[in-house]
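Two complexes follow with subunit A in common, the first pairing it with subunit B and the second with subunit C.
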Partner chain A sequence: MRRVVGALVRKDLRLELRTRESVPAMLMFSVSTFVLFHFGLDRDRLAGDLAAGVLWVTLLFAAVLGMNRLFVAEHEQGGFDGFLLAPVDRTALFVAKAAVLLAFLAVVELAAVPAFAVLLLGPSDGGALPGLVAVLALADLGIAVVGTLVGALAVQTRARDLLVPLIALPLLLPVVIAAAHATAPLFAEAGAGALPGRWLLVLALYDAVFGLLAFGVFDFLLED
Partner chain B sequence: MVFGRGLRPLSIASAALLTSAFALVFFYAPNDADQGFVQKIFYLHVPLAIVALCGFVAGGVYGLRYLRSGDRAHDLRSYVSIHLSLVLAVGALLTGSIWAKASWGHWWVWQEPTLVSFLIVFLLYACYQPLRFSIEDPERQARYAAVFAVVAGAFVPLNFMAVRMAESLTHPRVLSTTGGAMPGSMRLTFLVALAGMACLFVTLCKYELASKHASMQLRRLKRRLAGDEGLVPLERSAAPQRL
Partner chain C sequence: MAPATAADAPVAVELEGVGRAYGERVALRDVTLTLPRGATVAVFGANGAGKTTLLRILATLLRPHAGRAAVLGSALPDEGWKVRGRVGLLGHEPMLYRDLTVHENLRFHARLHDVATARIGELVDAVGLGGRADEPVHTLSRGMTQRAAICRATLHAPELLLLDEPLANLDPGGALAVAPLIGRQAGPARVLISHDVEQGLGEADWVLGLRGGRQAFFAPAAEVEVKDVRGLYA
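For the complex of A and B:
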């Protein structure tokens, strides 16, 4: 299983390095959205829950772009058939794709969060960073799991680009609620406050429930 | 397999239960002390919402059974259950909105976790039909719809928890806290209304199942008589068309 997952992840990362289809688009989209929010809200500096909301909505929409593209190569180039012919556990594809989406999100956030801080946050001593990393990690895990499932669900349909956001956004709403509530005190104007533990707990619960669920039902999306 | 069995007693039972529920609402249950007559929409709104949520979860359970067994009848049940729950959900949102306007002065109140989570669940399930419609292969349509139904069914309780944690509590907690404080006459009326709504839901499900099944059988008979050429080709549809 580990070898299969490793091979699939390497394949996808190499593909991304050569074509550069997903990550640059997600990153450009995030930065453009920050600029849009600057003009849409007509504010130079954001703080508190408004900053958290802007960050999470932007990251979520950027993630939807990644979900849209996640299985396209498999679908169009016959990668599904190749994978199904191989004598390996089918869940490996789910684990690999979720890991790839997680890696994409991490790379995007590595650039988008500093851009957000420079463009929209006030001067800060970086005290919010450890808490923010924890929330980002938990939320990304949930987004990656659900995004992989929704991407696989939608890629075989005729209206792929429409269905992914329609299904993923309501499904990911608990993640946005919990992540925005957890990050709001970190962006407080008076300096980073304490990280609310119960929202981290909600995120962890969401990750666990949907991780197990997606792990269980993913096989049915591949059978042919 | 016959879906139409017991339709007549079920129809009579739901008509009788709903009629007696409305009779109780108007002539027996007392007016609410704070809200007066307006509060009586509660006997319609809450049963609608509860039955719709149970129907969504039932759709997920049937989806799971379809995935485990591959029996297309479960897919049909899952579809019908979610389809009718969506209809009830529209009713619940409309009555909830009317009640909110009457008692809080706004058509929509965001500080209201139950209404908000209900809207999110509704938005998610509203994608169920487009998802089915955009998959042509009937076997894949059934399988993907079942996966969606299972995931969404598990999402319902999680979503209610997250939204409830995020908002202050202004909505009457009918089943947990205030349920104990409800006077006996109100509780009796509510229970009869809930039973009537559940009975109506089951009856409607049975009717839709019977009708879908009948048209499938009709098609099968036509094919036997006229052969494949004599049949009008099936149009694309979100509903299962073959068992």
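For the complex of A and C:
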């Protein structure tokens, strides 16, 4: 399995480096949305629930762009058939694609979160950063798992661009709720508060449940 | 010499009343044939006759909806996992990533099939792609892309070759270069779709004629005349 996952991940990262179809679009979307909020709300400093909501809704919509493109090369260039003809565990494709989406999200957030801080949080001592990284990691894992499942389902249809948000956004609502609640204290006006463990646990449970579910059903998505 | 039969040679493909539908439309109905290992069946039929559907069923990419199908001794679809990796499919699409080079594509497939990368060099040299193998696939001509696709389909030394117009876009030199990999001398059993009647008959031990998704005939190549095949296109 490791050999196959490694080959799939390397192939996808190489394709992204060459075509730059996903990560730049996700990043541009995120930064543009933060700029729009900055001017639309006419505020250069958000805090608490509002700041957390803006951050997570924006990152989720940016992730949808990545989900839309995740299986396009497989679908349009015969990658699915090439993979299905090989004597390999089909769940390797799920693991590889989820890892790639997770990597894309991490790269986007490396630039998008500082842009969010500059445009919408104002000056900060960076005290929220360790907690934010923990929430980002748990939430991104859930987004990657569900996004991979939805991307594989939608790419077989003509209305891919419509189906991905229609299916993924309701499924990912618990992630947004938990991530926003977990992040809100970090953006408190009085300075970064403690990370609420309850919401981190919700995110971890979501990741575990949907990870197992996706692992179990992904094989059937590839069946004729 | 009469073609080998299932009785005196191990069987590569055995179909009995195989059918397949896409929704309400029946693409293939009641196809019955036996192909010994090492033999070639040429499949003829007009566009939409079900040739590609048949190939995809044999490749385990489509489930048969009716009848019994066995490939390399394994029943489909239940034992499809035993067949994967032993079949080489060369279809209309090259199954190569356009933005990767030929080498990168073949390395990727070599890892999926757990094949030593040394085989890649042998293949690209054999088909005359050596000088272009480090170029992205989208920069290659159709003929060069077809050569790369043939490398991809034969990389893992399959026991059954499923070939859909394998010489399409190849110049005479290209056709000659790929013959040791996908021609009769290559060794594996072959299911060969062709619209070139004379060439297809010349390559075949058996001939399957399809008309409108139904089996018009399945007979030894020596008993099939060119006019029989041309009748499928009338």
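Everything below uses one rule, namely that the second predicted complex is superposed on the first by the 224 of 224 C-alpha atoms of A that agree within 3 Å, B and C clash if a C-alpha of one lies under 4 Å from a C-alpha of the other, contacts with A are read in each partner's own complex, and residues count from 1 in each chain.
One rule holds in what follows: a contact is a pair of C-beta atoms (placed from the backbone, for glycine too) under 8 Å apart; a residue touches a chain by one contact, two chains touch by 3 or more.
Bear in mind the structure is a predicted one, so any value in this text is a computation, not a measurement.
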item: First, second, both or neither for A:L84, with subunit B first and subunit C second; value: second
item: Partner chain in contact with A:A117 - subunit B first, subunit C second, else both or neither; value: neither
item: Subunit B versus subunit C as contact partner of A:L136, first or second or both or neither; value: neither
item: Which of subunit B and subunit C A:L153 touches, first, second, both or neither; value: first
item: Touching partner for A:L166 - first (subunit B), second (subunit C), both, neither; value: first
item: Touched partner set for A:R18, first subunit B, second subunit C, both or neither; value: second
item: Subunit A residues touched - subunit C or subunit B, whichever exceeds; value: B
item: Doubly contacted subunit A residues - partners subunit C and subunit B; value: 223-224
item: Touching residues on subunit A, where the partner in the complex is subunit B; value: 149, 153-154, 156-159, 162-163, 166-167, 170-171, 173-174, 177-178, 181, 198, 202, 205-206, 209-210, 213-214, 217, 220-221, 223-224
item: In the complex, subunit C residues that touch subunit A; value: 59-63, 81, 84-87, 89, 91, 93-100, 104, 108-109, 111-114, 136, 152
item: Subunit A-facing residues of subunit B, complex; value: 67, 120-121, 123-124, 127, 130-131, 134-136, 140, 143-144, 146-148, 150-152, 154-155, 158-159, 161-163, 165-166
item: Touching residues (chain side subunit A, partner subunit C) in the complex; value: 3-4, 6-7, 10-11, 14-15, 18-19, 73, 77-79, 81-88, 223-224
